[in-house]
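Single-structure report; data block below.
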């Protein structure tokens, strides 16, 4: 029964991961990461339900907070580089290589 | 009196002192370095005269301080006859080299590139001396390894900063070769510690600690390859000609004269005694490598056009003799091999120094750039000839004694392998005659070449450099007994802990080598 | 009866952590309240006091006797290894902060677009981002927590607390800002990506064990054994998150870019502190939580370790930028450390390996900071002279500096009589004792390869002629000079008489990790 | 009868006999180290040292013959050389003392002669130091009481010969000749060395006493092997086929050197070795002895043939030396009688060949170092003393009745024929050839018409050079008879090399071989007269038959060596050098380059695109997870 949720979370995680790979815009990539985090949340909650203990749900809250913090930092960084380069495409930023 | 720690510490302090001298005080640096090295020599001799010939103990002047208990490492030093003569060799060569390199770092020599700090060169020399003494004195395998590896660095800088045109290539090649061998040895050192399970690296306690033949084989290889690269044995030799040819003459002397001996010394001391069974199993392989080295080195030497490279290749041939003597495992052969290490240090040292003098004057190492030197600079040429003759093991000169002992000691094993090896090895004396005399002929004989017509003969400093070497070469050639008396007991110790004795000659056993059936 | 009783918090044990975080918060308050011209003069002492004080507290905790049970309801394990690692991190942090205390490295105003008037103004105004101090403090606190977290949740939080400030710090380089910002964004995206993996792995493991406390997971494993798919995938994903942090192949890609782009003091902090913390975490997860799973993860770890050592060594050979080269070298070193992680077994064996790893971390960390400190000093018009060709003949222009750097390189190469040698020896010895001889052989071979590029730099500095317009050697600020001196001294002392530190590591390791 | 036992000896002059070696050695050292400072009196010191050593030898000799016959083998221990392996010491017995007398005696005469001969040479002091060095080494060779000491002397004389052949080293030809001599000798030394190794492993000793009086009874095979190895050494030193090629080039050295080293003494060392080891390794009828005999015969013919064609007077004499040593080697193969005649011939040859060489030197001295006999002629008036002494030497060597050579050479021939007809008659033939080439030499040099170069105005040499000639020629006349008649020498030598069973064979002059020899010699001389005495000699050599060319080209010995050893050797060297640079070194450098290349290619993977990094992470994650699953479910 709960396995559906797990499958869903797995799918979400996969979608997020693929998104990170295929999208160029830093913002979008970042949102894909967020999606992955939420997939994890779903999994946590599901497992909490399975095991019948609250740890999972509690963890989910923590994750949200962390994610929020990540957003702050992430946006700050992305905005700076956008202002410098007038583009949010991660592919433009490849001076550092080899 | 803690002789050995003092012997190790003195050059280090000297090096610090030399390095600490203010800028521009090059002359002072040289003089200080020379003084220090002479003090070390004096101390070494003082110690040597107190060396007990007839003591049952394995090592004399033993000093053991706990260094890194959590690794079971001690700062353990002590000498037996073999180590003593090697230390003496180093202590004798260093002042000579310092005197010989008086101007090497100034960069006045035509071939020398613009030089870096003079005092660095001489403090490096002293550091090197400390490490050479240390590596021979170490009775703790770990300590031995530490010196074995650390020794590379000063030599690396001496070649790299003060050497010839391709110096950096040569230096890197030298370092990487040795480092690679050293790291393999490190694995073996660790494994030795673990398998022995004695929680100590003290050499005497590790003897016979590893019993399993399989393990012995691997550990032996770990050590042996490192030493074979260091020595160097064929086919690990290719770094030597480059290094020796690029290094300044003085450094080349120490490199070939002492550093490389650490390899053969290690074989004799560590490989044989720690892994006797494996040593016996690998003996045929090593003997064959040595013989190949003897002939191969000689033949390639004949074909060289560069003086220092030629001398380097002759050394490869000579290291073949030494290794053969070590693994022939008869008292004659091993005593001969040990004596060979010393004599080779002197004769090759003299050759390199004189080559250095020639190059310093003519500004080229190419043999063809010379000719008729004997007429212009008879003393120089004479010294060149004598050291060359010692290089071809002329009786009456020191290296004959050792070569004879090695060969006869190998031959007396009286098994096909050893007899044939000894015979092939003996053919090396013919090749040696060719490469030495041919070089001498091209350099010193014939009509005097334009380029050398203005050549000066040896000056006082250079005579002072060469004289002691020639005296030693001739003296040991006629009366090697004092040195051999020091060496022999140690060799006996080694043979007993390896568990072999010389078999007495039996009438007709010589038969074996014709029938081709060893017994 | 079943009222909620408050959790017991061992403030004593946690005091170092609390002090660091406290100092960080104070720093934030200073930013908020103190006038601009005062900030720097306030931040610096606060930071140093915080770190030094924390170190003192660590000592006091050790004096009172190493705790034997996890603190804060089993959330944080203040055990021997943790305390040791805390100490190490704090020392490294102090040194790095001394480096950070060098205006020249950091951007005047991160908000200002490079090459615009406002940037000029900011520079003219002598503006500086004093936020770097609290940020660094948060990162350091995060590192300490990361290494001592006793359940996965805390570990995850710590991971973020450690990483987020570093993401920002990476972007604050004064010169070559494009590179710096790029490094920052790459680090951030990839870091977030990998932490997502960590998190998902955590979820799966939780799904298997029903708890996220390391001890709990270990017990659950003991009950079931390692046949469970959920568990295995979860363990793998956890591993990915952690291996990313230590920069093990194939998760090393970020390291060279970020190390090169970030301001060098920050690189120093990451290369030393983060690595130490990350290894602390790795050890906890794989030894404590997944200890009973070792038959499953050891082979994989073998592969990772070999790949990491070889990739690090081989790739470094052809690098042309000094910081990139050091990055690859740190990858290789991570590989060497992994050989220690793998060498588990009986209690004694684990203690041996742990001791080796701890010593290695000390030796490597300090030398690394020193090396980067030297890098900050070799400058030309465009800031640091990163390109190796600019280092040619440095040995002639300033023998002392070049000599020290050469010494650090030799330490990296593991030449005897340097700290690096004993570090390598300790780890490899443990690995051999643990039966990982082939791994060690790969290790020595790759360190022989690695030696080549260290030596190459020495050749450049000493054996080749200096370029006419060679880089100038900046007169080091007291801080930087101090850092180099300390690092050099430590490298020598640990290289000649490592016994005391070894003994400390031994004591720390003897208790192993508490559950 | 077996040789006498060797007894330890101490004290007396015999106990101090090491002075014989030490004095010339000291002289050499002083002259070499003293450098130019000693130029003024250097030659005198050299002569003094040589004479002193001669005196010691004489006194030792008398003390030795003062002892009863059976006790005339005295071993004098000196010092421990290689502990447990070799002790240095001297063996004073009839054999060694005879050599000592020859070396120091003839040596001293040649020293004196050289004062005059080298008077104009700037390097005279160095020359004398080398001569002294040679005397010392040669004495060590013959006096040492063990094979290692012998070997040391053996190579020592090799060194001296190298230095003296190359004395005028600025002449490339001289330098090359010196080098060749040393290297060819080393080939022989190689055999000698192995022989010594085998002796050590077989008998556990390298002293003559330990070997000759050993109770061990090795198999014959070993003894033969040792014998052949020693013979190889002997061939090298005594310029016997196949190692003869160096001797003719050795004539590049100053003539006194040719006289002392390459005629009188050093080249006879091989014979010494064979005779010394004879009792054990070359007993009558043994394989080794047979080989020695064959080598001797071949060489005596080869040398004679070469001598017949040479126009260079010294090379002619060199060929003759080869030939004469061939006789000795041949004789040495046939037991005690052979030994006695071989050594006897060796001694007489020492005199008359030195005589001839010094005579030749005197001629060259007169003709400003012209060596081509086709440019001589009619010199008997110009150089009377030289002529008469040379004539005596000539008669002695061709075996003119009652002169030295007659007795000793005839003795050898008789002995050989008595054992081995074939070799014996070949020896007789050799005698005939000797008659031819020596007569040719005399006629071309002293008779016929002047064929001198324009600037040549010959004059007799100074007394310092002629007196030695006179003394030597006296020896050339009487010594042979004195030694052989009544078996004096055989009896004297007996204790050292053993006596023939049934006592000393009486000397009877008119035997078939004896007469045949005389007849052949006469024929040879006659042909020489017809071709070179009666008719004028062309100044430029006619092409001559292929046989002549064959002889002129030293029987193609050098050509053979070159095509067999030198050329292949050079190729081998080139190949080895190439292999070393490309092969061994190339392998290592290639490996390094390979790693570098891999690195260069791999770093391209680091594209700088964050997303590709992300991909690698994802990929890695998949691999790790997959691997874990795999392992976990094994």
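First chain written, first letter: the chains are A, B, C and D, and each begins at residue 1.
As a working rule, a residue touches a chain if its C-beta (ideal position, glycine included) is under 8 Å from a C-beta of that chain, and two chains touch if they have at least 3 such contacts.
According to UniProt, the chain labels map to these proteins: A = NADH-quinone oxidoreductase subunit K; B = NADH-quinone oxidoreductase subunit M; C = NADH-quinone oxidoreductase subunit N.
No experiment lies behind these values; they were computed from the predicted model shown.
A.B. asks: Which chain maximises the distance between its CA centroid and that of chain C?
C.D. replies: D
A.B. asks: Any idea how many Å lie between the Cα centroids of chain C and chain D?
C.D. replies: Their C-alpha centroids are separated by 79 Å.
A.B. asks: Cα centroid separation between chain A and chain B, in whole Å?
C.D. replies: Chain centres of chain A and chain B, defined by C-alpha means, are spaced 65 Å apart.
A.B. asks: Averaging only over C-alpha atoms, locate the centres of chain B and chain C and give their separation in whole Å.
C.D. replies: Chain centroid spacing, chain B to chain C, equals 45 Å.
A.B. asks: Express in whole angstrom the distance between the two chain centres, defined as the mean CA positions of chain A and chain D.
C.D. replies: That pair's centroid distance is 97 Å.
A.B. asks: Please list all residues of chain D that touch 2 or more other chains.
C.D. replies: 603, 606, 608, 610, 614
A.B. asks: Which residues does chain A have that touch at least 2 chains other than itself?
C.D. replies: In chain A, residues 17, 20, 29, 90, 93-97 touch at least two other chains, as defined above.
A.B. asks: Considering chain B alone, which of its residues make contact with at least two other chains?
C.D. replies: In chain B, nothing touches at least two other chains.
A.B. asks: If I apply the definition of touch given earlier, which pairs of chains qualify?
C.D. replies: A-C, A-D, B-C, B-D, C-D
A.B. asks: Using the touch definition up top, name the residues of chain C that touch chain A in the complex.
C.D. replies: Contact set of chain C toward chain A: 110-111, 113-114, 153, 156-157, 160, 164, 167-168, 171, 177-179, 181-186, 188-189, 192-193, 196, 199-200, 202-204, 206-207, 210-212, 256-257, 260-261.
A.B. asks: Quick one: which bits of chain C touch chain D in the complex? Just the residue numbers, please.
C.D. replies: Interface residues on the chain C side: 185-186, 189-190, 193-194, 197, 226-229, 232-233, 235-237, 239-240, 243-244, 249-251, 253-254, 256-257, 295-297, 299-300, 303-304, 311, 314-319, 449, 452.
A.B. asks: Across the complex, what residues on chain D touch chain B?
C.D. replies: Per the touch definition, chain D meets chain B at residues 32, 35, 79-85, 148, 151-152, 154-156, 159, 162, 166, 169-170, 172, 175-176, 179, 182-183, 186-187, 189-190, 193-194, 196-198, 200-204, 214, 216-219, 221-222, 225-226, 572-574, 576-577, 580, 584-585, 588.
A.B. asks: Applying the document's contact rule, which stretches of chain D touch chain C when the two form their complex?
C.D. replies: Checking each residue of chain D against chain C gives 592, 595-596, 598-600, 602-603, 606, 608, 610, 612-614, 616-617, 619-621, 623-625, 627-629, 631-633.
A.B. asks: In the complex, go through chain C and note every residue touching chain B.
C.D. replies: Residues 355, 395-396, 399, 410, 413, 415-417, 421-422, 425-426, 428-429, 432-433, 437, 440-441, 444-445, 447-448, 451-452, 455-456, 458-459, 462-464, 497-499, 502-503, 506.
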